[in-house]
Amino acid sequence: MSTAIMTERRRLALRPGAWLVWGAVVFFLLILAGVVGAVVVDSFGTRWFSGWLPSGWTSRWYGTTWREFDLGNVLVVTLEVALAVVVVSLVVGVPAAYALARRTFPGKRVLMVAFMLPILIPPITYGVPLATVLYKFHLAGKLSGVILANLVPAVPFVILVMTPFIEQIDPKIESAARMCGARTRVIFTRILGPLLIPGMLAAAVLILVRTVGMFELTFLTAGSDSQTLVVALYYSVSAAGIRAQQEIDAMAVIYTLFMLVLLVVALRFVNPTQLVTQIKERD
Amino acid sequence: GGGAKDLTPANVPDSPKNPVTLNIIDVAGNLQLTKGMIDEFVKSHPKVIKKVTYTNATAPELPGKIKAQQSAGQVQIGLVLTGTDALSAGIDQNLWVKTDDYASRLGNPNYQAPAQKMQELAEGHGVEVVYYPSGPLIEYNPKTVSKPPATAEELLAWAKAHPKKFQYARPANSGPGRTFLMGLPYILGDSNPKDPKAGWSKTWSYLQELTKYVDYYPSKTSETMSNLANGSADIIATTTGWDINPRALGQVPAGDKVAYLKGMHWVTDAQYAVVPRGVSADVLSADLQLIKWMLTPQQQAKAYDDGYFYPGPAVNGVTVQMAPQKSQQVIQQFGRPEYDQWIPKFPTETSLPAKEQVAAFDQWDRTVGSGKVKK
Amino acid sequence: MAAPATAGRIALRHRLADRGMDRTLLLLVPAVVFIVALFIYPFVYGLQLSFQPQPGSETVQRYGSGPFADYHAFFADSYLRNTIWTTLKLSLPAGLFNVIASVPIAYRMRGRFRGKRTITTILVVPITLGTVLTAEGLLAFMGPTGWLNRLLLDVGIVDHPVRFTHNYWGVLFSLIISGFPFAFLLTLSYLSGIDPTLERAAATMGAGWWQRFRFITLPLLAPGLAITFCLTFVLAFSVFPSAVMVGDPSGTTRVISIAAFHAAFEQYDYSMASAIAMIMGAVELIVVGLVLGWRATLYRGATGGKG
Amino acid sequence: MTGSKISELRLDHVSRGFGEVLALDGLDLTIEGGEFVALLGPSGCGKSTALNCLAGLLPLTNGSITLDGRRIDTLPPEQRGFGMVFQNYALFPHMSVRANIGFGLKMAKVAKADARRRVEEAVALVQLGDHAAKFPGQLSGGQQQRVAIARAIVMEPALVLMDEPLSNLDAKLRLEMRTEIKRIHQTLGLTTVYVTHDQEEALSLADRLVLLREGKVQQVGPPETVYTEPANRFVAGFMGYRNELELPVSPGSGTTAGDKTVVLGELTGTRREDLGETAVAAIRPEDFTVGDGPNAMEVDVEVVEFQGREQAVQARTAGGDELHLRVQARLAPGDRVTVSVPPERVLVFAADSPAAPEEVA
Amino acid sequence: MTGSKISELRLDHVSRGFGEVLALDGLDLTIEGGEFVALLGPSGCGKSTALNCLAGLLPLTNGSITLDGRRIDTLPPEQRGFGMVFQNYALFPHMSVRANIGFGLKMAKVAKADARRRVEEAVALVQLGDHAAKFPGQLSGGQQQRVAIARAIVMEPALVLMDEPLSNLDAKLRLEMRTEIKRIHQTLGLTTVYVTHDQEEALSLADRLVLLREGKVQQVGPPETVYTEPANRFVAGFMGYRNELELPVSPGSGTTAGDKTVVLGELTGTRREDLGETAVAAIRPEDFTVGDGPNAMEVDVEVVEFQGREQAVQARTAGGDELHLRVQARLAPGDRVTVSVPPERVLVFAADSPAAPEEVA
């Protein structure tokens, strides 16, 4: 055991590259701590004109924002929307990514472009007509509309992210499952699913972030009781009127905390690097 | 709005058949002033409105949302509280109910004279609910600025002597910023203060000169406020509301002072209640009753608020003493007695119509903000 | 009679399967239906809108009401035209930096060591910040009296506050803070699919860590990196809130989405906004197309990690 | 042939190309229920391709497959109900040994208790009791291969396809597993198609051998026939006739078609094909005996390799031809000895008969 | 031993554990430059682990490795300069056959032209000329294995580690590749450590055999010694002494330690260990001959398998023991025959000698 550890130590000591990388990481994290810290500290400060810290501490900004935007309700809606979008986009997107990763067929390029467009084209162009369609079918103005609208960029996003992951998997494994009598659905749930977990997790996290942060489509299709957090946040930042900076910061902190909780929960369940190959990664 | 079926006064009942649920969307921060009025109305008129929901949103995206609902024949927003921007965008795109058709039901609001002028901007498609004279004013830190500039020229000279210490926010994103922009033509005596393209030559050359000594243009008014507070700026542009409220909120030291520039005209501002076309007759009927209620002096007094839109009421005969206790306290502590002199003293001008405003912002972006001017 | 027909049909099926057309393609159906139902119509609507200049708008006054008037207006006006370049100048470096920086860090995170999970989580956390907190944080932290400038002043490195925000760098910082974790998460996951045995094999052939990385890991990772770059690039290209909040929205960071926003929500000239958005999409498509075209030339098969 | 679940599997002109090249070229084969067929052939001849086509994992380029009169070549693999041991195992990396083996049972919705019992039996069968909870990445090569075998046979499928299932096992275990496979085949009546590179395995297990060469069938027949009467020089070479001597046909020798005995130079052999002027005599190393006898010749011993009870000897004839011998007598390099081989063990093929893959220089 | 680049490689008590279990347990071995050492042992006994430790791919849990007096166990693999054929090939999926083979040369910065030539030679050597431009995913199992071999030997490293390099090749090609490996080993003086499950391969290639069992060395010695004088019952079983008869030692028989000849019941054999009251007689199937002779016994033939020139026969003695025979005589199930075996071919071990892995039921 001791030799093994020594080896590791020596290697670490030998490589300037490692130090460089860790140094950069630490630098990045320090900057990040500064950025986040400044906002968090301010959100708890009474007033902070200059100096290292605010002149006094309070938590009232959280109370006022919470009440002003009825955040309890908003958070629940946000959570519902985010989870629904993540689940549906994975369910729809992963099989499509599979077909695109495994097959080359005439017209594939055209299809790829069609899938790319919702990510490339800003919602400015299609948001209003999309909302119109959804209102027409009585889907908008409530949760379903927000979810459907957010799915438009989310599904292609999943397809794009998942394709390389699927390409990485040896098709022989699927063949073996088929030989065991597994149908396509089972192959997805029991074979590809577990193997794709890091990819799906990454995709899920990214979609979650995008959905929770997607202002335009959400705003256009939301009803009064289906607003999400970002609508409130954007309002507090950029709507006309005077708001205390601390209140905005408090809102931003709530937003981040909310996302953080979701992220940590996600990472608790699956570690993006925890994978089958790790078993091979002896030490 | 293709799908929106038009109502006529004849088929809108005086009072809704059934109490309605009213979805109110506020894109101007107006609820801070009017929520109390509305809540009281709902409480006292359960037969008209059984429930009210509030949504806050940013103004730019609002017309799109209403358009989508109208095209689908599914208008879910019952009432919109807005500033001049979305108001005029909606007028252009024919989104709003023509409230003038229902003038009889609204009674005759006893607007103050400058507020009456602001109401005209609505072109009959909305009802002004709050009003304030706005600015342009300058706010300064008395510790570093012993004698505030009194004229535009002095301001320029001061900026030159104290580079990076004068600040105003990008007009497109800031009330005080745009008020400063719209107020300058009056102060500088430009040929046509209502025509930014052709009539503002003095203003534009003044701003281009001034920009040499301006470090940068924040994208939010509150940032100019914090810069004033933390000492990285010593003079900033402001308005009455932006002077009182941030000091009340503790964003700016309470001791900071305001001044005006010689030749000052108030460039007034107001907020409106508008009704999207396509709402049901019941909702429209409830809206009309509500708006009428909001324009009564007792209710208008609530608009004093924390000085956010100081003074706030659009109608005559509303005094601070009628305002809620808390309001009175804040105004007492952070308000400025000089405003009571200044407000009647200077001429009032309506702010530019939205189209011209946008053109002015665009021009400002291109010629002042773009940094093309060598510093 | 029937037999040859059946046989022919089956042979056809074999031939189609040979060209990649078999039942697997049915898996595309939900996604295609979805896109067609919810996206294609609105997109086509927007597209045709961009060919119908808004009557009475400045475009029409200047360039007539031909279908390409809005495009003409965009390219004729250098203030608008330059937004393409401004945006590329931000998004390409941001995309490249995020991908390039995440590779060595992710590469370091292979294998097992104590605290790995924590470090991973911490590195991914900024993804949760959102544009608003990032922007507010940058303004507060890097502002003239923020902690950073305070530190620099106290240590004596500078004697006037340095302006980090409201310029190109402010926006770039925010693109990195929000884009890096994104790229890192993807890279890390793509990396986990590569069989470590391959690197070991290379080691026995005398390849040092750099060569192993250069010749084995990187090529196998490249298809994933291409996608990662495309996504971070696209996110950076459509940057809006931070370009306004921490940038210099009238000057050095007047990105194309500000122009589109201006057209759509200030001038309410939806056809111009659509035209700008289409131009945006086209520019992105060119970059993404180039990258994906390059990707198509790479090896994209199993990397052993999962099989 | 007890209770086979299928009665006839027909392959008609089954072909499969990769790009331009046909990896499998018109394979015609009828397999009866319960039969054990071994595919043999040099590396890259299309054995795995044939199995994959049968399994439905590769679409055919041509031809058809019928099972009991029903065309199955368009059925997806999971609906054919066959089992397969993959050459590279293709274990599910995220499942334990037990879960890998039990996967098929789960798919077939076998009752839990029953499935558990069958899995444990299979685990014991392949002697992995100690490793049943491990993941494939934690197993040795041979252990992985055994999981693959267990996974295929635990299902008792109508047809099992095995692609070199024993290649990574040691001799002892291989013998045991071979016996096991034979036993299972017989008791369950599983029809089996088996790819192997181990002649002995093929000979001892199979009812019928199929010899492939570059995707084309060379000979089909029971092991004894193929072994003793290879159809052409290629098959002979592949079945262990390692020595090939090209010699002129003696004039007047064996002209009549029925005449099996041929004289080539000094050798007398058995004719297997129509001959031209020169012919090739193929002889197995182990058919030589040291000492005088029929077809005696003197050779110089050059290399001697110990191979247990026997020795592998490389020797050179007076004519300069290299000979491989396998003898029990203890020889040493430099010895000059006389070796002989019975004429019925010398097979004579036409010189242009399809040759075995070239020997390396 | 011509011009080996190393002169001595010492493994001292090399151990490697996975979790609690020691996969390799105190391996002591000294390999001389130019030597060809074969590791043998049942599946999962730690052969690949040993190679991985030698290559530097697995850190040791214990022990040390020294090369010519220099400790190398802490050196990273790329600095050891060894070549390795992986059991699962580990080909680079994104490189063509040619690029795979040339990778090491590129790393060693061999001049382009030279490298190209050497790659082409190696490609020809493993007979992959037609497939040199293909990618690993397009190759058959055997072809992949050949790429792995070529990739390791093209570098002509000081030490080559080969993990079952021929397991997926057909008999003919295997013989050829075996000859090639031997030739390269001899001409280049490469020191080789070779893992194989093929006894014949080990016997014919190796200078020395190392027998492993559950990570522990059982016997080290030249092939002939290990083959004819296995150190214990396990080695005997592994080296083909398939038949094990547990019999009581006849009283008074072979009491003196020097006395090799032992009588067990009716059998006379050669003693290999100190014995208790009962002992085990180990006999190879091929050491039996049909007909009367020493140690004659009557057996009933039960199963007969065709195996080419010989037959594998399963028979039962009068005492009910199962016997495996390998004979040339044509027997049929049901025959009752007399078989005999020379006493020097009957090895007698103590009953508690480490046994070969259990046979399956």
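For reference, chains read A, B, C, D and E in written order, and residue numbers begin at 1 within each chain.
We take it that a residue touches a chain if its C-beta (ideal position, glycine included) is under 8 Å from a C-beta of that chain, and two chains touch if they have at least 3 such contacts.
Listed by chain with UniProt protein names: A, C = ABC transporter permease; D, E = ABC transporter ATP-binding protein.
The shown structure was predicted, so the numbers you read here are calculated from the model rather than taken from an experiment.
The minimum number of touch steps linking chain B to chain E comes to 2. Counted as hops between touching chains, the shortest connection from chain B to chain D is 2.
Contact counts per chain pair peak at A-C. Centre-to-centre separation of chain A and chain B, using mean CA positions: 37 Å. Note on chain placement: the centre of chain A and the centre of chain C lie 14 Å apart, centres being C-alpha means. Taking each chain's centre as the mean of its C-alpha atoms, chain A lies 54 Å from chain E. Residue positions of chain C with contacts to 2 or more other chains are 22-23, 145, 195, 197, 245, 261, 264, 301-304, 306-307. For chain B, residues touching at least two other chains, in rising order: 61, 64, 173, 220, 226, 230-231.
Residue positions 76, 88, 90, 93, 138 of chain D each touch two or more of the other chains. Taken together, the chain D residues at the contact with chain E in this complex read 18, 40-44, 47-48, 87-88, 124-125, 127, 131, 138-143, 146, 163-164, 167-176, 179-180, 197-200, 203-204, 223-224, 227, 237-238, 240, 242, 284, 286-287, 305-309, 312, 356-360.
In the complex of the two chains, the chain A residues touching chain B come out as 46-47, 49-50, 69, 127-129, 131-136, 138, 140-141, 215-216, 219-221, 223-225, 227, 231-232, 234-245, 248.
Residues 15, 17-18, 21-22, 24-25, 28-29, 31-32, 34-39, 42, 50, 52, 91-93, 95-96, 98-100, 102-106, 111-122, 124-130, 133, 148-149, 151-152, 155-157, 159-161, 163-165, 167-173, 184, 195, 198-199, 201-202, 205-206, 209, 212-213, 230, 233-234, 237-238, 245, 248-249, 251-253, 255-256, 259-260, 262-264, 267, 271-273, 275-278, 280-281, 283 of chain A are the ones touching chain C in the complex.
Residues of chain C touching chain B in their complex: 79, 139, 143-145, 161, 163, 166-167, 244-245, 247-252, 254, 261-262, 264-268.
The touching residues of chain B, counted against chain C in their complex, run 60-61, 63-64, 89, 92-93, 170, 172-173, 215-220, 223, 226-227, 230-232, 358, 361-362, 364-366, 368-372.
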